[in-house]
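Here come two complexes built around chain A, the first alongside chain B, the second alongside chain C.
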Partner chain A sequence: MGLLTNLRDSISRVTDGLFAADEPKRIGIYGPPNAGKTTLANRIARDWTGDAVGPESHIPHETRRARRKEGVEIERNGRTVTIDIVDTPGVTTKVDYKEFLDHDMEKDDAVRRSREATEGVAEAMHWLREDVDGVIYVLDSTTDPFTQVNTMLIGIIESQDLPALILANKTDLPGADVQQIANAFPQHETIPLSALEGDNMDEVYTKIAEYFG
Partner chain B sequence: MPHQCTTCGRTFPDGSKEMLSGCPDCGGNKFQFKPAGATEEPAGDDAGSPGASADPSPSTPEGPTGSTADQGTSDGAAADPTPDERAADPSPGEAADATRPDAAASADRSSETDGTEQIADRSDEDTAQASARSEVVSPDELDRASREVENTEDPSPAEGEQPGIDALRDELNDQFESIRIVSPGQYELNLMELYDRQEYIISLQEDGRYVIEMPDAWGIQDE
Partner chain C sequence: MPGPKANVDAADDDPDDSGDGVRIDMISGARMEGLTSMEKIRLILDGVRDGNIVILEEGLSPDEESKLIEVTMTEISPDDFTGIEIETYPKAEAGDQSFLDKLMGRESTQKLTVIGPANRIETLHKDENLISTLVSRK
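And now, the complex of A and B:
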């Protein structure tokens, strides 16, 4: 099974490589819940297309279905890079409706949100395997990056040989520690930013063009 | 309480699924089926010797049917269902103790000696129960339950204790389940398993079922 799967993946990757020269790359925005993935996706989409991708919220698991914004054209240094942005639900190993009860939510709604969030994680993992050409991995720089989820996802991304950009988000917050994130994943370049405030987005776009162009 | 664990005596209502993965109290996996109203203390059912229980008071084994037996002796053969009983009854003397319980056992529905007959029937009861139950419980569930019982039998058939089963279940969950429903609204996800699966879970339902999108024949779905 695993052998066939690998074979199939290799074949599809080779054919993708042959035909995808001018097709936009699908870039998945991954990371734990509440890292600011949708805020970043909206920032990118608004900056280059004028539209938003989806609603942002401080309640975890606001994004429970992967949302795609296609044909985002980013201009850098006189050349244009076209990408499809896939904003994915936050990946986690545990989803508990009780977490949502603190946010003034009725139990029924919290249970439903929890179920949808779980489906969302399953979907995000599926897309990571099948459907993305590169990953923007968003981390909240005010929290500890050494988690099982981060380690596992970065490991998967590396094993797939996907180009990956690590973003240390929320630098506008007082407790932000970009260095901690850089130390956690020294094999990757870490770019600090505040997607909410739009800080350092220029460097982010330059790196997106460089990594995924 | 038609089902009863033969090891610890715990009883279960008819159609109970609790016992499908072994007795929750002692882990035993042998149960006897008792029709409604026929329950007695399980202890001594098969261990107690018929003679000992009959010896102290000859009327004890006859308790429930005593009146019938008495009528039998006074009214004659017309009211008596079995000739055996009549043969035993006219000699109530202590000398007949050895044969008496046997004779009573054949007629007396609820005496302790009758318990041994039920025990002898247990294996038949089990298969009958299993087939009857399979109409209520889905085949998957039954299958899963029987597998768990087999697993608990490995160390020792009678000592599969509750913690052992739980630990085993957890271990299996860790190994095979991509999404574990702890309770409605609470989920644990095995990310590697979710990532490794070709099929894709698109919808979860509260009853523990889920909808998956099956992969096409390999190599086709990438346009």
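And now, the complex of A and C:
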């Protein structure tokens, strides 16, 4: 009986391993609030599946739940790479509902939004530790990348040995400084793009296939 | 010899005794050694939620930083606690860490770390060699 059980477990492990190699990798889109993560997730999803992932907004913490778009097939150089995109809430160490009041929000709505935002950030951290196979780290190239949240998150990603692609977003805006981002994280490749305008997406898809294929 | 404690009671004669001042807890690496991840996080957040500035001689591991963010988020509440401000020197290149150290999980986390309540501490400047912060009174 024990021998049969062991044999069955061994076969199961081998077949699981074979199928795991073909399973789509879960790629988390991470970054600080308002970096353009959902705009990028929507751009990728629309380009390859025709559907969007979630609503975009200039108000911080519009994404308050991790959203997954499964089975996104990206074709590059004659082969297809299949990934699940996980759009995550912007990571921060602080959330104050009063900041939402500046966006013409009533106090009750602002408090609810801040509560949902905190739950979303906690959820995003949990996904990062447990449930993603790779990371696309999105930064706003018009803002200073030398922040503690960026430093910590890149450190956490590196400690998990996850493949990471850094995207310098919002290159369509005046003041965009891609080199500043490249200088902040010289150990990683930095790809410029405008997710909003769709600029340089070809290179982004090539790199996604290269890193996560 | 008593082991490390998960709190700073020895210095906690009267937390309200600080008046208008700002209390700073500088916690040595020796004090943190032997604590579990959650004990370290509790030690930090209990201090910060009391309005103190906590300075860690040797910082936290990336995994502990991740859990610190997660636990902080669960404790934020309107008009009470808005989260933390945390600053460390940018991580040095890992080139000085041997492959064997990485393999054995002996990851060096030694980096001075400053943590305070988000509504009381503001980073003015930060680079590889200097962290300048403005701490406001209660």
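To be clear about the criterion, the second predicted complex is superposed on the first by the 194 of 213 C-alpha atoms of A that agree within 3 Å, B and C clash if a C-alpha of one lies under 4 Å from a C-alpha of the other, contacts with A are read in each partner's own complex, and residues count from 1 in each chain.
We adopt the following convention: contacts are C-beta pairs under 8 Å (C-beta built on N, C-alpha and C of every residue); 3 or more make two chains touch, one makes a residue touch a chain.
Because the structure is a prediction, the values reported are computed rather than measured.
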item	value
Which superposed partner A:Glu158 touches (first chain B, second chain C, both, neither)	second
Partner chain(s) touched by A:Gln187 [first = chain B, second = chain C, both, neither]	second
First, second, both or neither for A:Thr93, with chain B first and chain C second	both
First, second, both or neither for A:Asp172, with chain B first and chain C second	neither
Contacts of A:Thr118 with chain B and chain C, given as first, second, both or neither	both
Contacts of A:Phe146 with chain B and chain C, given as first, second, both or neither	second
First (chain B), second (chain C), both or neither touched by A:Asp47	neither
Interface residues of chain A shared between complexes with chain B and chain C	91-97, 111, 114-115, 118-119, 121-122, 125-126, 128-129, 152, 156
Complex contact set, residues of chain C against chain A	61-63, 65-67, 69-70, 72-74, 76, 78, 82-88, 90-91, 93-94, 107, 118-119, 123, 126-127
List of chain A residues in touch with chain B within their complex	4-5, 8, 11-12, 15-16, 91-98, 107, 110-111, 114-115, 118-119, 121-123, 125-126, 128-129, 149, 152-153, 156
Chain A-touching residues of chain B, taken from the complex the two chains share	178-179, 184-192, 194-198, 200-204, 206, 218-219, 222
Chain A residues touching chain C - in the complex, by the definition given at the top	91-97, 111, 114-115, 118-119, 121-122, 125-126, 128-129, 146, 148, 151-152, 155-156, 158-160, 187
